[in-house]
Structures are given as C-alpha cells and as structure tokens.
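Look at the two complexes coming up: chain A is in both, with chain B in one and chain C in the other.
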Partner chain A sequence: MITVGQSKARRLALHAGHTAGLAVFMVFAMFPLFWLVKISLTPNNLLYSEGITLWPSSITWDNYQFALLGSRFPRFFLNSVVVSLSSAAIVTLVAAAGGYAFSRFRFAGKVPIMFVMLLTQMVPLVMLIAPIFKIMSPLGLTNSLTGLIIVYTAFNVPFATFLMQSFFDGIPRELEDAAMIDGCTRLTALRRVIFPLTLPGMGATLGFVFTAAWSELLFALMLINSDDKMTFPVGMLTFVTKFSVDFGQMMAAGVLALIPACIFFAFIQRYLIQGLTAGAVKG
Partner chain B sequence: MAEVTVRDVYKAYGAVRVLRGVSIDMHDGEFVVLVGPSGCGKSTLLRMIAGLEEINSGDILIGDRVVNDVAPKDRDIAMVFQSYALYPHMTVASNMGFSLEIRRKATDLITAAVGRAAGTLGLGDLLARFPRELSGGQRQRVAMGRAIVRQPQVFLFDEPLSNLDAKLRVQMRTEIKALHQDMGTTAIYVTHDQVEAMTMADRIVVMNEGVIQQIGHPLEVYDRPANQFVASFIGSPGMNFLEGTARQTADTSWVEMVDGTKLPAPRTDAEEGQTVIYGVRPEALTIDEEARSGLIARVDVTEPTGLSTLVFSRVADSITCAFTMDRLDLTRGQPIGLVPDVARVHLFDQASGVRL
Partner chain C sequence: MAGSTITSYGPAASEVFPEPRRRAWRALIEPYLYLSPALILIGLVMFVPLLLGLSFAYRNIHLLNPFSGGFVGLDHFSAIMGDKRFWRALINTGWWTGASLVLQFSLGLGLAMLLNRPFRGKRFVQAIIFLPWAVPIFLSGLTWAWLFNPVIGPLPHWLAALGVMSEPYNILSNPSVAMWGPIIANVWFGIPFFAITMLAALQSVPYELHEAAAIDGASAWQRFVKVTLPFIAPVIAITVLLRTIWISNFADLIIVMTGGGPADSTQIVASYIFTTAYRRLDFGYASAISTALLVLLMLYSLIVLQLRRRLAGKV
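Right after this comes the complex of A and B.
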C-alpha cells in the first residue's frame, strides 16, 4: 500500500504543479487585460496622482461614454467588423476548397503551387507595402474597405489553406469512399459527410483570420486615410494626439474592441471541440 | 444478384505495377475470397470492382454490364471497410439508412429496412447511438448493417474482421457466412487470413504480387496447390518443404535428400536427377518414435494443444513440423523418424515453384 500512497502523493504533486503552472501562465496572459480594464475605469485625475495601485479609489464610466458617444469609435468598430468578417468568410471558403483539393487530389503542379504558397509566407509584410500601394492606387482600392479585405484575404489564404488541408487530411478517405458507394456523388459526399466533419477546422480558420484582420494595423494604416474608412486599430491611434495620449479613452475603446472577438470565439468554440471524428474508423 | 467478371485487368501506380493481368469469373450468389500476403493488390482489385479506383486496362463487368466507367453509386454494390468507415456525425440508424436516404426513399420504408437489418444483426438497442459510443465489434456490425440494408447486387468486404479479437472474429465469420447463405447475394471478400479464406469461401482466389496464383474450391486449393507459393500460403501450420533430387525407376519414384535419405514420392513428370522441392503437410507425416523409418530428425519443440500435438524437429538445418493426434512423450534432441504419406506428397520445380 505504501507504493500506492506514494504514487497518490506523486499524482497530487503533479496535479498541483500542473495547476500552478497554468495559474502562472494565466496571470501572465491576463494581467495586461486586467490593466486595460482598470485604466479604462480610472478617472483621469487619478491616473497619475494615485501612483501604481491595483484598483483606483473611485471608478468612472466617462471614458466609455466618450468612446461610444463622443468619438468616431463606433464607426471604426463597424468598419472593423465588416472587414474582419468578410475576410474571414472569404478566406475560409477559399481555403476549404483549396485545402480539400490539396488533400484529396493529385494534379499537375501541386507541389510547385504549394511551394509558392509557402514562399509568400516568408516575405516580411513591410516590404510589400510600397508595391501593394502602387497596385491598389490606380485601381481605386486605397482608402477603401474592399481594398483592405482583398489584402487581408490574399495574405491569409496560404496559411489557412494549409490549415484546412491538415483538417481534411485528418478525415479518413474511406468515409468518402463509403459515401460514394452508398449513393453520393463526390459533391454530395462532400456536403453530407465531409463538410459536417470539417466544421471544427472551418471554425478554427474563421477565428484565426478574424483575429488577424481585427488587429491588423500596418496595412490599415497605410491604405486608409479618411476617418470614415478607418478600422479600429487605426482609430485607436487617434487617441494619441501631438500633445497627449488619452489613455483612459483609448483603454475603454480597447475593452469594447475585445467584445466582438469574445462573442465570436464563444460562438465558434463549440465547433472547435475536438474528437468529432472519433469513432469513424477502427476501435 | 449478379455475376462479377474481371477480365485481364492491369493497374499501376506510376512505376509500381500492382495488378498484372487479373481475370476472375465470379458466379451469381457465390462467396469468393481473395487471399494473399500484404501488398499483393487485393484491396486494389476490390476497390476497382467498387469503382473507387481506376482501371488501367481490361474490363470489369457486373451482371453483363461493363462498369469500367460507371460511378460507384451506380454499380449497385455495398462495401464493408476494414476501418468500418462509419459516419461519425450520424447515429447508427442514420448510418444504416444513409444509402436509402440518399436515394430519396420514403422515411417509413427506410425505418423498416433499418429495423429489419438491425434485428438480423442484434443492433436493435443501439440505433440511437453514435459510432464513438460503440465497441469495435458493434461498429463492425453497424458496418455490416449499412451494407445489407440496401440489398445490393454484390457485397464487397475488405478485411472486415481484422480489427476484432480472435474470439469475435470466429463468431462473426460464422455469422457472415450464414448471412450470405440467407441472402444469396454475390460476395467478394478480401482477407490475408488463410483460415478465414478456407472456412468462408465457395471459391478461393490466391494472389501474390498482383498475379493470381490459383482459383479453386478451398479443399482443392489445399489438396492440390498450383505452386509452392499457394502450398506455403494456404494451411496452418504451413507445408514442409525439403530440397532433394528426383529419382525414378520404371515402377517407383523417390526423392533423395542431401543426407542420402530416400523419401517415397508420387509419380510425376519430374525428370531423373532434377532438383525438386519435396512438399508435405504436417498431417501427412507420421512420427516413428523409434526412428527406424522415414526421414530421421531430432525433436526441437513440441506444442500440445490438448486436441493434438505439433512436433517441430530439425532435419539438417531446417525445421519440419508434424501434426499428430497421439500424445507422444518426446524429449528435446531425441531422434524420430518422419514417415510421409506418399499420396499426399507434392513435388515442386525448384526453379519455378510450379507443382510437378
């Protein structure tokens, strides 16, 4: 029984270590968020006078009120939603189609195409700003949300395609074979059998592209110059003026900007749960 | 129900030639087992019959229709996969009814068909479950159920039992055989397990390296193997092979072993002095405990199973297996005589492996 006791103690210790590790990580990851919320609620006059405290002596909603009613923030927010959702949707559709082809078909030029797609991921984006501006400008795509959607789609498709390909690779081919024997065409098999099983993958891709587009600053900054086309990250910069940085309002806007991302993930989270293909093959 | 004809079919993946001129005539209602070692092309052939794999040349007919370019869904076949390939997001009932649903059959008709199949297979209580909630054996049954619900012209099985434990495998083997006898549908069954092949088949097709070695009734293949490959592949424990030289006079023939022992041999068209392989199954060897006759060997190990005993003994450098129902008291290293039953001895050409 001593060995059993020992192993139990060991298990407990392991469990405690595990939990402690996670806790440290959580604190590390969540602290900036906490700080964001804290500052957004701190009245301006207390911001510098109280020194560094975990919680201000009094809180205010003024910053939120200003961000929502007194600034252009709602406009930026809407622009961001349009751009991020559209990019995410388009990328996911394109990547799903491409990933399926890469996963299931052999065709001429497959390897070169994959190589080129990989190559695009190796170029630092900064180097592309000038050429992209040059291309987009005569097409009237600068200072336009459509232009931004195109750029985000182009940049995210390669990675998303590889992501989707790996999801399709994880679905046994025999499921399609079985479906085709059961009476499906390749397309029906795709719709009735493969598609429902790839929902987690699509959710992941959607979430990935959405967050990337939601927080993208570089291209939004370079391609957009009028107030009514700004996305939220660019808009955040308007809180920084030549003379001061209005931290309280900026943080309030930041907190508000987190909300759609949270809602979005809450929505796709159930598609992200693994194990949907469990039970397909073998035992 | 239909006959299936495979006519001179070739298949290559790039430079790898997987099937090299395969022809089989499967009769209506027959249970044909394709058997052969791993990688010999059994699954490929089955998938070609199913329409999941393209044919490089040759024809495949189901009934009297050439189906080379017919989509799998239009071939009226059903297939049970080794991995079962159940749809993970559908319940057992939907899995089984899927083929009918795709064909837009009425709901009550589907329910009835699924209910019948579930009854046959004892799946009645599991219809609402998902595949992940089933044991391996239950999944296997669902896969079977999905195949029989539709009453296809031909059943295709690709090693459907290889993921089950030994006991369940034996049980399912019997059930599948019984099911086939009830339904009378042509069935093509792939396995690399020669016991499955022997017990289930109306006819066995033995394949090796993309070439058919022999087609015949199980016992015919067992008793008169076409070549050394078939002889070694079919039967467990396997046939013993000893190298020797064919000798004959006007009225007797024998094979002279390297050590000079003369073993009686059947009359064949082996030429005098030809190097041959002397093949004899374990049960065709009688053990002479006094070592006064036959091929002299030294006992290596004995494996009693209760019913019978396998005696492994050493002749020169090779191990020979003998099967006996007697309870012999043998010790390791003891010399024994192995006396072959000449009526059940096969001679194979040493170079080509063909039976003489």
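Right after this comes the complex of A and C.
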C-alpha cells in the first residue's frame, strides 16, 4: 500500500472505509443464505407471525426431518450425486488427455481444434435442448441418468480441457523427457512422474465439473420426467410448484442442496483464479 | 517449446530405432489420439445437435403430434417477424444483459480493489464473498424469489419502510418492475466472477508504476484513472464482451424465478426458446428462434471484432 503523503488520520479513515466496504459485500453475499437457514428452522406456526424477524423465538428441526425422512429428496440427492460424480470423473480423465495433448505437442490441427473448443463456449446451450431430446429419445437416453451424464460430460469437456492444459503447462516437460530418456515409455513416464504432480489440478477440475453438474437445471427438466430419476434441481422445482406454501420444508431441502456445493467450493477455492482465467467464458 | 518432442526426436529416433517411418507416423497421430475422446464427445453431443437443430428450423416438429416433421421452408421465420412475444423478449434481453452487466462489473471491480491489498483474515473474507458463485443456480433463484415474497421475505417490508413501495408486495408479480428480481439475483451470483477476474488483472499492474506516480504527487484517484485503468483495460474489454454473450443466454434464473412472466415482462430470448421447447413442445419454432439468436450473436461478435481492430489500429 502506498502511503506517501498520507496523514495518520487519513490512513485511519481509509482503513475504516476499507473494512466497512468489505463488510457490506460480506453481508450482501451471506444474507440470502442466512435467510434460507432461518426459514428452514422456523416452526410452521411462527412462520407468518415472525416471518420477517431476523431470528425466530423458537427453532425446530421438523423441516429437516421431513426433508430427510418423509420426502423424495434423499432419492433426488442420490441421483444428483451419481450424475455429478460420474460426469466429473469422466470429464477429468477426458480433459486430462486432451489438455496433455495441447500442452505437450505441436500439431497441424492444434489451433483449429482449440478455436472450435472456444466456439462451443459461445453457443447458447439452450438451443441444443430440443435436438438433443430428439436424438436421445429413440436411443432410450431420455429419462435416464446415463443420458444426463453424457450431456453434462460433453458440455464441460472444453472448459476442463483448457483448465488441465494450464496445469500441465505448469509442470516442466524436462521431467518426463528425463524419464523417457531413462527408458520409460511415455505412458509409464506419465503414470510415474506426471500423474502425481497433476493430482491437484485434477482435483480442481473435478470440483468445477461437479459444481456445474450439480446446479444444471434446464436439460435435466427436459430430459427427465419420472420421479425416481429426477436430479435435485428438478425434484426441488417440482416440489416448489406443487407445494408452494410449505416454505420451511422447501428451504430445508434447499439447505441440503447447498451442502455438497459448499464442500466442493472449499475444495476448489484455491484454484478459482486459475480456473476462471483459463476459461473466462465459463460461469 | 511445445513441439520439441516431435522435432528433436526425429533425427535421433532414426538412428536408434529400425523403423523410423512408423515412429514418425506414431508421433504424428499421438496428440490426436489423446484428444479423440474429447473431440468425439463434443462432436456427437454439441455439433450434431447444433446442425440438427438448425435443420429443425425449416421443419414442422411438434413432439406430441406424430404427423409433424414436414418441411415448412421459411414459415417459422416469417412467423418470428410477426411474433410480438419474440420482439418483446429481444428488448428484454438487452435490458436484462445491460443492467446485470453494469452492476456486476462495477461492484465486481470495486470488490476487487478492496481485496487487492493485504489485510488480516483475507482468506476467510474471500471465501465468504465468493460463496454465491458456488450456490447452485436454481437455489439462488428460489432463495431470491422467497426474499421478494412478502409472506416470508424481508425485502418488500424494508422497501416499504424506506418509502420505495407504498405497501409491501412481491415485485416479481408486477410486470413493470419484475425484471429487477432476476437482475438482482444475477448480480448477487455474478459479482464473484468479475471480482476474481478483475483481481487477477489488478495484481498484474506493476507496483513500480504506482510508486512512481505517487512520488510524482498523483492522488489515489489520479493513479487509478491514469495508471491502473489503462493497464487493465484490455482484460476488462475481453471479459465484458465475453460475459455479455454469456449473460444474454443465461435463462436459468428467469425460468426459476418468474418463468418469463408476469405477462412476458421478464421473458428473454433464451427463456423464450426454452419455454417454446419445454412447455409448448414446439421444437421447430424453438429451433427457428435459436437460429435467429445465433445469427444475432454472430453479428454482435463481428461488430466487436471490428471495433477491436479499429481501436488497435489507433494505438
């Protein structure tokens, strides 16, 4: 911080302003989530009388009990975990291979392929909903978790490939060259030397894709129609439309949806800057 | 550097290995081999549907009607020309994108500047402030919709207490202001993205530049306008341009919060496409609107590229 020509009082004022500014941003970021938790803990009979006080006079766990034991939410949760984890795992493998090719080779098709991959990030995905439904329906991939996994995997591969490339770029190529001169094949060199070094990068990619797949709504809405195949977003939206007055129960379910997202967020926080600058188009 | 494997192994390999030609061929296809899973996936799940979707625009495809599928030529496009809902959605798209972008960008840049100096507990503060980005989008939408609901949300009551509203009501059900609901949710969700990219840009400004300006007697504001801004302008430009495309296609929050209503007052082109495909099951017309949207986006990109070239030519 540059302090040339600043009096002590001025620096104090700046410091106070800085802290106040950050506090405002923190309150803005946390308030909606705080409210979600608050309503989920408010007993039904207090909902309307104390709906807008900052904290209810008594709290209840009934809404969570309902969400966990009396509803379909555990099923939706499980479906979402299966879809998100599978997509994340497949994307990470596919993107690691592709990112490696981008990082270590120079070949004729490289620039066009990278350009096409960047282009896919510009295509409004919403326009693919109808044709993908039309293609997947005769293949038995609508109303199936496999179909969702295929779609999410393909959508996340371009961004994840660029992300993995940036991680490979950070690993000196001399390491694998040395191993290959010592007689390893490229695959052995990869497995023994490079793979352990890329683990953090793979973890970050896994986290990004998991988060993206966990929140995807529109394709899941179109492709899934039976109760037992619904992912969490679809299940929750259906519930909200059907029982739009059970606010406490809806918000308890919302808090459940928040938990995995927060865990993975903690996991990928360190890589946020790298990730977002690698694919500045991605939300 | 990137190609040294291929180039440097060429001559050496021919001395050591008996089959140089085979080896060279292997080196040639090796990168494509690694890329093939990615390319196959993208091709089958993105490009094939994209082309198929473009062809749907000229056909009558209705999911519930088994006799549909016939060729209708440009009928859908002439229908779009007279479709008031489409033009309304187009205007709304501009409004939604512009307001979201201006607010996200200015608040994101402000936040980045607050974070771009050392202070105690920085990691914790960052984790809290960036959290909205990780909240599943459907949940952000639902949460904000609830905050705007006067029964359980505080916002209408606060706005009424401030005198902005005459009595607490749900802004999402008032066509003249409903768009502000999704916009505010979008700003909440999007600030972290801009803050992170702007923070990375700010950290690339050399400290010496600032120091020299300060010694020359420049005030903090002058340093910001004369040193920082010109330095990060290219990053700002590219981020804003790419983000414009992304936000204009971002329909999730609108679908969750208002479904495009009331009376189409929050319908943007992307949510109109979704509603046409998902609710009306009219894939042909949805694909025609998609084609129109794609053409508009390409026009936008061309204009941007042209502007960039002209600006680059001046400097």
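Here is the rule we go by: the second predicted complex is superposed on the first by the 227 of 283 C-alpha atoms of A that agree within 3 Å, B and C clash if a C-alpha of one lies under 4 Å from a C-alpha of the other, contacts with A are read in each partner's own complex, and residues count from 1 in each chain.
Here is the rule we go by: contacts are C-beta pairs under 8 Å (C-beta built on N, C-alpha and C of every residue); 3 or more make two chains touch, one makes a residue touch a chain.
It should be emphasised that the depicted structure is a prediction, and the values quoted were computed from it without experimental measurement.
Chemist: Touch check for A:H18: first (chain B), second (chain C), both, or neither?
Modeler: second
Chemist: When the two structures are overlaid on chain A, which partner does A:L175 contact: first (chain B), second (chain C), both, or neither?
Modeler: Only chain B; A:L175 stays clear of chain C.
Chemist: Thinking of the overlay built on chain A, is A:M114 touched by chain B (first), by chain C (second), by both, or by neither?
Modeler: The answer is neither, since A:M114 touches no partner chain.
Chemist: By residue count, is chain A touched more by chain B or by chain C?
Modeler: The partner making contact with more of chain A's residues is C.
Chemist: Per the contact definition in the header, classify A:I59: touching chain B only (first), chain C only (second), both, or neither.
Modeler: Neither: A:I59 stays clear of chain B and chain C.
Chemist: Report for A:L46: first if it touches chain B alone, second if chain C alone, otherwise both or neither.
Modeler: Neither partner.
Chemist: Once the structures are superposed on A, label A:L68 by its partner contacts, choosing first (chain B), second (chain C), both or neither.
Modeler: Neither partner.
Chemist: Output check: A:V82 vs chain B and chain C. Expected answer is one of first, second, both, neither. What do you get?
Modeler: neither
Chemist: For chain A, which residues lie in the overlap of the chain B contacts and the chain C contacts?
Modeler: Looking at chain A, the two contact sets intersect at 177, 276-277, 280-281, 283.
Chemist: In the complex formed with chain B, which residues of chain A make contact?
Modeler: Interface residues on chain A, with respect to chain B: 172, 174-175, 177-185, 188, 192-193, 196-197, 275-283.
Chemist: Note which residues of chain B are touching chain A in the complex, please.
Modeler: So the residues of chain B touching chain A come out as 47, 50-52, 71-73, 75, 77-79, 81, 83-89, 98-99, 102-103, 130-137, 139, 146, 150, 163.
Chemist: Flag every residue of chain C that touches chain A in the complex, lowest number first.
Modeler: The contact residues of chain C facing chain A are 1-6, 28, 30-32, 34-35, 37-39, 41-42, 44-46, 48-50, 52-53, 56, 61, 63, 107, 110-111, 114-115, 117-119, 125-140, 142-144, 146-147, 151-154, 157, 188, 190-191, 193, 196-197, 199-200, 210-211, 214-215, 217, 220, 223, 238-239, 242, 245-246, 249-252, 255-256, 270-271, 273-274, 277-278, 283, 286-287, 290, 293-294, 297, 301.
Chemist: Provide the residue numbers of chain A that touch chain C in the complex, in ascending order.
Modeler: Interface residues on the chain A side: 1-2, 4-5, 18-19, 21-22, 25-26, 28-30, 32-33, 35-36, 39, 47-48, 51-52, 93-95, 97-98, 100-107, 109-110, 113, 116-117, 120, 122-135, 150-151, 153-155, 157-158, 161, 173, 177, 186, 211, 214-215, 217-218, 221-222, 232-233, 236-237, 240, 247, 250-251, 254, 257-258, 261-262, 264-266, 269, 272-273, 276-277, 280-281, 283.
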